[in-house]
Amino acid sequence: MSIGKYDFNEKSILKFEPQEHEIAIETKNLQVYYGNNHALFDGNLQFERYKITSLIGASGSGKSTYLRSLNRMNDNVARVDGQIMYRGLDVNTSKINVYEMRKHIGMVFQRPNPFSKSIRENITFALKEQGLKNKNKLNQIVEQSLRDAALWDEVKDDLDKSAWSLSGGQQQRLCIARTIAMKPDILLLDEPASALDPISTSKIEETLVELKKRYTIIIVTHNMQQASRISDFTAFFHLGHILEYDKTKHIFTMPKVTATNDYISGNFG
Amino acid sequence: MGTKLQNNIAITIIRVIAALVVLILVLLLGKILIAGVPHISWHFLTAPSQSFESGGGIGVQLFNSIYLLVLTLIISFPISLGAGIFLSEYAPKNFFTAVVRMSIEVLSSLPSVVVGLFGFLLFVVQFQMGFSILSGAVALTFFNLPLLTRNIEESLRAVPNLQREAGMALGLSKWRTVTKIILPEALPGIITGVVLGAGRVFGEAAALIYTAGQSATNIDFGNWNPFNSASPLNLLRPAETLAVHIWKINSEGVMPDAAAVSAGSSAVLIIAVLIFNLLARVLGNSLYRKLTATK
Amino acid sequence: MEDPIKSKIQSTSKETRQDILGRCLTYLCIGLIVAIVLSIFIFVASKGIATFTVNKASLWEFLTGKNWNPTVTDASGKPQLGALPMITGSFGVTILAVIFATPFAIGTALYMTEVSSKKGEKILQSVIELLVGIPSVVYGFIGLSVIVPFVRTHFGGSGYGILSGSFVLFVMVLPTVTSMTVDSLRAVPRYYKEASLALGATRWQTIYKVLLRSATSGILTAIIFGMARAFGEALAVQMVIGNAAIMPKGLLSSASTLTSVLTMGIGNTVMGTVGNNALWSLALILLLMSLIFNIVVRLIGRKGRMD
């Protein structure tokens, strides 16, 4: 079958050997429909623990749709069929407690979206909701997560300022801090740097490389340099199909699929 | 150059019309304030009203209007909040939601006299509560609900979806996300709407004539026990408001200084409405600034 | 050992309960509103129909009869329940008010969207908000002390009547029609206008041929909303119309509307009597008219979307 100029049967999807790679999350035959529009076909990907995996592709390729399905942010928006295996469980069923699941699979969005609260409260809010009341413990988490997100030095004296007074890049790092304060297993990032300037972008990239020591990171990006700089694995999406998944090095130096090759060399269309 | 001339004439007419509308408002306000303000005195604002002789005040009516407004807001705000949250956050796209939206639209366009008559039928006739502040407050609630609900829904909708996703992605329940994150961000708009609605409620009379009644019983401002029938706080006493008072003295015409009292009362009502309008803006803006402030 | 995270995401938590509670609360509130609207219809309808079912009045005579005298019985022993004078009065003031208000509303809306500077627009915006905010009894009082004497000296008669009523309503519906017209003019895509101006059309030609045409359904909706407001307005009209439940002989003679007879009458009749039931029938007409205005707005909206 082919749509447009590429053959969607020409695929090369990496499979991990369970003995050699610890798999943090995996999808089997994931399909996403917006109404009658089939937006994602046969999502079969495995993500290795403590690695950064990039999802790349043109806009409308289904990469964000796929990412948002992983922690069920597409509930009520789209129909998602197939399995999402996490800790031996299929979390794409109605029996799963999505709130609890999202605490372990955190997400950072394309545009920074801090709450209209102080910098400190942005981080402590969800923790307090979970019942954490100890002031010292909370302060400790605020400092640690801001340090992890490389924001501490810039805001340590203004923790009670409104988060909306920060610059866009700072806001996005605060959103990362807010998410990692929950100590998630997996960090999903949906083009986190697309609305930011180059300096903020490189800060966020440094942060992510640092964070992968403790988190499994899956990042959607339209910036190929970014994918090649920071990620260990890369998946290429095209028109709702995942055509190639491999080590980042392989994808960018010797892609096996024609579409991938065209995309990374700029002959795409 | 026919078209050019035509254009100039048309634009001039538009300007004249706009100027006339401004003039109408200026004349209206001018007339009310010039005729009414000279009658406003401390005595006028605090003294009880007189039926057959001049020199009465509007103290009781003014208190009733304020008390009724407070009660109405206390009853209508929580209901509209729930309804507004339903419409903006929970409403599924189905027949039920369509019926709900239609109901709210119908309620908002019902003549207030019909709403008042329904209140009369339900409370005064069916429940035999007689003319009472409580009946009036409930009738005003019916009248206020659709507006407030729509305002809350719109204010909540104006908060970007990103904020909802932020809360949900942290594992918060939808309810907590809405009440703790979305609602505070929508607050400036909601407060503006509540205060503007309060202005409307303050001046409403048709819904009250047959619910809160047209008599201002003398109340004892020294007695604040709400269960005593002479207490200002008593919920079951009849309570003529300022707006109803204006209507009544003009329709019955037994008060010798009806024109002066009406003018004074109208001026008080208008000043109250102006204050509400101003307050809505100031509160909305200052809350908005507080949200984005660098504390 | 069992994975704690694994067991957590399989069991319910505080969040699950919060969501159920929240959902219930909001359904409760919305259910209450629907219940209120339903009971308004049921109560008023059951009362209003009693005139025809219990008191056996004829619906046709009720709608076309010219004599309203519920306490007096005619030769055949039936009370005189002709509501035509009030129906005429209500439609009379409504239609006249809208005829006066529409050109003003469109002119003001055009001024705000097309002619004025940002500052002028802001001023007009505040003017409209204030006009909406003025309570109807204050309009009634101004009508009584300014418009009635004005009509008396310049047009003759007692000054009370349909003309005075429609002057008062004109000012009351003006802000409604204006602000909705402004919304529909703003909804016209910018490039329509720019294309027209680029073709060399004058500002007025653009307004007349492009803007007003594209905004027609919106402006019609605004006018219907204005009519609904005028039709349902009670006290302001009642104070200036003269309250004579007879067929109006012209715009200058005392007349009455559905709302004015209701406000005057409910307190003076005894529940359950023919006279009282007949008033509820008037209330039912008001209710149905408000429903009809709603439906018309919907129909216009649907047609506007199809165009």
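Points to keep in mind about this one:
Lettered A, B and C in written order, each chain numbered from 1.
Rule of thumb we're sticking to: a contact is a pair of C-beta atoms (placed from the backbone, for glycine too) under 8 Å apart; a residue touches a chain by one contact, two chains touch by 3 or more.
Source: prediction; values computed, not measured.
A simple rule picks the central chain: find each chain's mean C-alpha point, then take the one closest to the mean of all protein C-alpha atoms, which gives B.
Taking A-B and A-C together, the chain pair joined by more C-beta contacts is A-B. Placing every chain at the mean of its C-alpha atoms, the farthest one from chain B is found to be A.
Mean C-alpha positions place chain B and chain C at a centre distance of 17 Å.
Between the CA-based centres of chain A and chain B the separation comes to 48 Å, rounded to the whole angstrom. Computed from the mean C-alpha positions, the centre of chain A lies at a distance of 53 Å from the centre of chain C. Multi-chain contact residues of chain C (touching two or more other chains) are listed as 15-16. Looking at chain B, residues 171-173, 176 sit in touch with two or more other chains. Annotation for chain A: residues 99-101 touch two or more other chains. Within the complex formed with chain A, the residues of chain C that make contact are 3, 5-6, 8-13, 15-16. Residue ranges on chain A touching chain B, taken from their complex, read 71, 73, 99-103, 106-109, 111, 113-118, 125-126, 129-130, 158, 160-162, 164-165, 175, 178-179, 182. For chain B in complex with chain A, the touching residues are 160, 162-163, 165-173, 176, 180-181, 184-185, 291-295.
Of all the residues in chain B, the ones that touch chain C in their complex are 3-4, 6-7, 10-11, 13-18, 20-22, 24-25, 28-29, 31-32, 35, 78-83, 85-87, 89-90, 99-100, 102-107, 109-115, 117-118, 120-122, 125, 142, 145-146, 149, 171-176, 178-179, 196, 199-200, 202-206, 209-210, 214, 243-244, 246-247, 250-251, 259, 262-263, 266, 269-270, 273-274, 276-277. Within the complex, the chain C residues that touch chain B are 14-16, 18-19, 21-23, 25-30, 32-34, 36-40, 43-44, 47, 103-104, 107-108, 110-112, 114-116, 120, 123-124, 127, 129-131, 133-138, 140-142, 144-146, 171, 174, 178, 202-205, 207-208, 225, 228, 231-235, 238-239, 259, 262-264, 266-267, 271, 280, 283, 286-287, 290-291, 293-294.
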